[in-house]
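Take a look at the structures listed below.
Two complexes, one shared chain (chain A), two partners (chain B, chain C).
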Partner chain A sequence: MKTIFVSIKRFDGTNEWYQDYEVPYEKGKTIVWLLTKIREEQDVTLNFTVSCLHAICGACGVKINGSSYLTCSTTLDEVLETFKTDKLTFEPMANFKVIRDLVVEFDPKFERMKEVSPWLKPASHGSVETGFKQSETEFEKISSSSNCILCGLCTSECEQLAKNDGRYLDPFIFNKAYRFAADSRDADSTERIVASLEGELWKCVHCMKCTSVCPKEIDIAENIAFLRSGYNLK
Partner chain B sequence: MLVFDVVVIGAGGAGMMAALKAGEGNDLKVAVLSKVLPTRSATGCAQGGMNAALGNRDRSDSTEQHFKDTVKGSAFLADQDAVNFFVSEMPDLMKELDYMGVPFDRDENGNIAQRPFGGASKPRACYSADKIGHVVLHALYEQCLKNDVNFLNEWQMISMVVEDGKFHGLVALDIKSGEIHPINCKSVVIATGGFGRVYYSRTTNPTGSTGDGTAIAFDAGIPIKDPEFIQFHPTGLAHTGILLSEACRGDGGYLLNNKGERFMKKYDPDKMELSTRDVVARSIEQEIKDGFGFGEGMSSHVLMDVRHLGKDHIMSRLPGARETALIFEGIDIITDPVPIRPACHYSMGGIHVTDYKTCATTMDGVHAAGESCSVSVHGANRLGANSVSEVVFFGKYAGVGARDTAMRRTLGNNELIQKETKKWEAEFKRLREKKDGINMFEIRDRMGATMWNNLGIYRNGEDMEAALIEIDQLLEAYKDAFVGDSAKEYNKAFINYLEIGNSLKLAKAISIGAIERKESRGSHSRADYQKRNDQEFLKHTLIYKNGEDYKLDYCPVVVTTYQPE
Partner chain C sequence: MEKQKGDKQMKYSFFPGCVLNDTASELMISTKKVAEVLGIELVEIDGWSCCGVSHTGDINPMMTHTINARNLALAEKMGANKVLTVCNTCTLMLRKTELKTKKNDKLRAEINASLESTGLEYKGTTQVTHLLWALIEDYGLENLKEKIKRPLNGLKVANYYGCHIIMPPKFTGFENWRNPQSMEKIVDLLGATSVDFEDRLSCCGYHAMSTSEKEGMRMIGQGAQTAKEAGADVIVTPCPLCQMQFDDHQHSANKQLSNGDNLIPVIHLPQLIGLALGITPEELGLKKHTIEVIPAIEKALK
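Let's turn to the complex of A and B:
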């Protein structure tokens, strides 16, 4: 009977501390199962966010042993094998303000996201009455970047955000800028690029951690490179 | 005190559309309350597509056929005037969504691509890979950001302030600060989604789908319509209940029993796997009952096989389904069939909407849209790919309706709203200070088990009566439920407590409606009344709540051009 030793970083608005729990190992389980078991059977004051439980809503990002994961779709086995350990340390995602325990604040980042106009600026070849024509190839250009679930794992892993003084935009915000800059239905060619430049687009150090961690396999670093390239992305 | 003209509760497809329309081109103060960040809403979970008779895939499609399919799929319980309104205007709304930037898959003509879907006579489910809900949800959120919609995120609506049947305002908790706020407003749109978590043990729904807005409206005196009609999606993954999209079947997948047979030929040889969801779900359960399934008890299942569709098709049209099966069943659908079994998926019933053009309810000032309400467009069974369409459609008209209502009504009485606020502040404090009591998760789990076992896919009077007794016992136990967290700030345990209370009230409404409906129709299938009985039951159930008294009534179904057959 194996035991998993869990240490979770707690925060109640004032105090920070690590709290320890023990859970008997079970096969075929996910991380959210582990956290839920602790919460419902041992400590209901533990807070973490989950919603869909199948990696489409982006609610459940956390750090485990220093790396960022979605708890709902990461198996316990994967993490135990990756770190070759039976001790798991949970912390909230990095580069976010922490609300309580593993719950972080997204709203200020969504507010900043507005700087890159993360919405379609409809081009003149479409209308409310007719919609748009768009080719399959043109749709392919935006299909991957549209998969972003705003989970924040890229933010949590971002090496620039870790040391930046606050001006740098989050990787997912650059991805949104790319997603619309590349949409054939969009009228804008430069405003989002300018906004990205003002958001320190050139400070990305190309560590590629955002691309590596993205649960939707979006090549965020490549999209950042596209934004920098000055090419017409449509 | 916070004062608004229009408040929208819930920021999913219906809620965000309502907010956009309520605030469009005017000076009204609109706010959206959501207990989760908007893009965490359940709309994002919808996968296969959204119906509209655009005729892109098949020029012979028409709104008339969409109408007939919807009414027939509803087992003739849908209100045909509402359905006609919905199907007629839906193609125009698709153009609007395209103009908002929703990224749709395209056909060779550059038009929105459509796929076949359950119960549809022509292929009209507009799709984006297998992530229609995700793309629509995010596009609506983007439009809300563009229009500076006022979001109150992680706010939980606790109560509607009503006196003598008149709506005055709301009481809501700011989860982060723990402050309970009185909110005065002229109109409200309830768009809090479905209540699949009443079937806690086996559902495709997110953890927060507990029907909070429906329960609160119920408490306030607005009846719930047709609560007994619960859709069990045929293909939930066997071990978790997580949804495996109908698109797998729409694109040509097979359902197989333990003999390797496509067993649907026994139940609907015409439509096979693309029969309506109620028929497919029952067929799967029947196969399992008859010993043609795999596994035992809660692990019983049949198989979904899409290998013959080929790798290219799966990677481009069903990538989400493949990912889901890989993570949660450890199976690659390119090379292997995947275990599936029905899971509670959708609530056809909900807040009784009395006017389909404005989404008004029985209480002036209160509108409702989305899965939280029943118009009724889906009647006794919803067609796949009709929900995302319906929520954005009626979300739009609820927003317009609530806007018009706000321009006509006056604000509520501040004193009454303050009084209700103080009551809830005291209650929150009492629950934070309570030192012990009955474990609320146990109450919830017992409710989930009773509902799955006794009010599931196959029902009978005796089991349902037993369930009602159990639900009453759980409602009693709930009075001594223990929250267990004394914190004021970000107390999710208190939110869970409210959610469980809301779920129990809805469980009771479902039970009463199901017991009294002595027929089988759509998703409501009874062993003791196996036939559809239009003579006595071509009518909507209405359940009213007055304190602890639940009362049952009925109201007529609107039949226009399609006589029940």
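Let's turn to the complex of A and C:
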């Protein structure tokens, strides 16, 4: 039977090292199956995060052979086919502080997301009590960007974040800024645009990695361009 | 494009893109020379304009679609089935308009309303491709192999894809964006050896050089450094924008990153192909680079 050779980047809070495991191949399994099998059968000290198993909670992002994936919605066969190898190297998502092994810290990101006011500020033509009417066209503007599950894959792939000194906002934060700036029920687009500008909006390099990796197929790079141009906003 | 595989008579409408007329004129020279030797007829689109790069989309996305629909409408007027480019970003911008309008009649109608005063109508009958893809899916690697006169044995090549030939896959779609292999297929066919290096799929930073120079320099510095560390003699790219970034800024990037004085030359894909076809370095514009190329590739020219 085919063997999958797995190398996982470990971190215990002080030291970093790569640890090797061997797992017998099974057809039709997910990546989270592979990691769970290692933890349950070979190494109880291995840390990774996973929750819903349905690409909804956004908890299970990792890097495999240098590319970012959700472990729950990615099959082992897909990864083996992509890299034409039976050797898989797992690393934590890039552009995050690592807590342990494959576990990264989201709190500083969510703290920075507050800069773009990621909540609805009701416009005067409606209210929390009376509600809003939204046309199909108005809804379409925010439909895709609202699907973000905050998994961080876009951050992990972001070329600007990898080289930036720390002021640049994460792609999912720009997406959140667009999502409210473009919402017909919201009172203020300008505030989100100004916050995005202060978050170095114009430093996006248009590499398209965020758009390519997004498991919800949100065109994040285009939403960043919309924030720059003001196009497609209210 | 019209082709008969037997005698390899192929014809494309050619969209050179701005930089081929000036800063990357060596790419124009080498593309035309390689096409001539391979028997590929390139007919330049009469009246084409800039694809807008990523920049017009940051100001007015509809304008970007309109100028590219105009470019494609001009190609349609020439009776073209396929438009060929040699620039990643031109490929992406043209294909974005091509594919977005295919699924969206309203968008096409809106664009055509803007084009009305020019007397042009974009019908969506052309397909945009890049030389790299055309050589594999239209010309065929077997046919290319037959044309090789000078195998580039011993030359170690770092394939630097550049972003817009692989991403986003919904507009590029030629191969798996997470692990493309088209460059390796061609480079290895030419007799050279592709080296694996960390920045094979990294961004060169070109599109934000005016707003993010510091980070752009870090991208260039790291890309060149990882290629050198992998033992490459030369970096090869299918994108003139990546080529310009590395050729123009590598010296400064090295200084800023304290990478030493060692520079690695960066050449265009048609230049590498041309060398294997037996074309002289002069005829491929290889002496027009900022970073000297010949000493690094000399061993493959013997």
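Here, the second predicted complex is superposed on the first by the 232 of 234 C-alpha atoms of A that agree within 3 Å, B and C clash if a C-alpha of one lies under 4 Å from a C-alpha of the other, contacts with A are read in each partner's own complex, and residues count from 1 in each chain.
Keep in mind that, in the parts below, contacts are C-beta pairs under 8 Å (C-beta built on N, C-alpha and C of every residue); 3 or more make two chains touch, one makes a residue touch a chain.
The structure presented is a predicted model; accordingly, all values stated were derived computationally and were not measured.
For the composite obtained by overlaying on chain A, chain B and chain C can both be accommodated side by side without a clash. Looking at the shared chain after the overlay, A:G58 reaches chain B, while chain C stays out of its contact range.
When both complexes are overlaid on chain A, the residue A:L197 reaches neither chain B nor chain C. Legend: residue contacts after superposition of the two complexes on their common chain; A:K163 is shown touching chain C, with no touch to chain B. Measured by the number of chain A residues touched, the leading partner among chain B and chain C is B. By the document's definition of touching, of the two partners only chain B reaches A:I142; chain C does not.
Within the superposed three-chain model, A:I99 lies in touch with chain B and out of touch with chain C [touch as defined at top].
In the superposition on chain A, A:K209 makes contact with chain C only, not with chain B. When the two structures are aligned on the shared chain, A:A225 is found in touch with chain C, with no touch to chain B. When the two complexes are overlaid on their common chain A, residue A:S127 makes contact with chain B while staying clear of chain C.
Seen from the Cα centre of chain A, chain B and chain C lie 150° apart once the structures are superposed, a value rounded to the nearest 10. Here the smallest spacing between CA atoms of chain B and those of chain C, following superposition, is 13 Å. Looking at chain A, you'll find no residue that touches chain B in one structure and chain C in the other. Chain contact summary for the complex, chain B toward chain A: residues 36-37, 39-42, 44-45, 92, 94-101, 103-112, 128-129, 131, 133-135, 138-139, 142-143, 145-146, 151, 153, 176, 206-208, 239-240, 242-243, 320, 323-324, 327-328, 330, 441, 483-487, 489-490, 492-493.
On the chain A side of its complex with chain C, the touching residues are 65, 67, 82-84, 159-160, 163-165, 200, 202-209, 211-212, 217, 219, 221-222, 225-226, 228-229, 231-232. Partner chain A is touched in their complex by these residues of chain C: 54, 57-62, 92, 163-164, 167-170, 176-179, 202-203, 205-208, 211-212, 214-216, 218-219, 222. Those residues of chain A that touch chain B in the complex are listed here as 12-13, 28, 40, 44-45, 47, 49-59, 73, 75, 99-100, 103, 106-107, 110, 113-114, 117-120, 122, 126-136, 138-139, 142-143, 146-150, 180, 183, 185-186.
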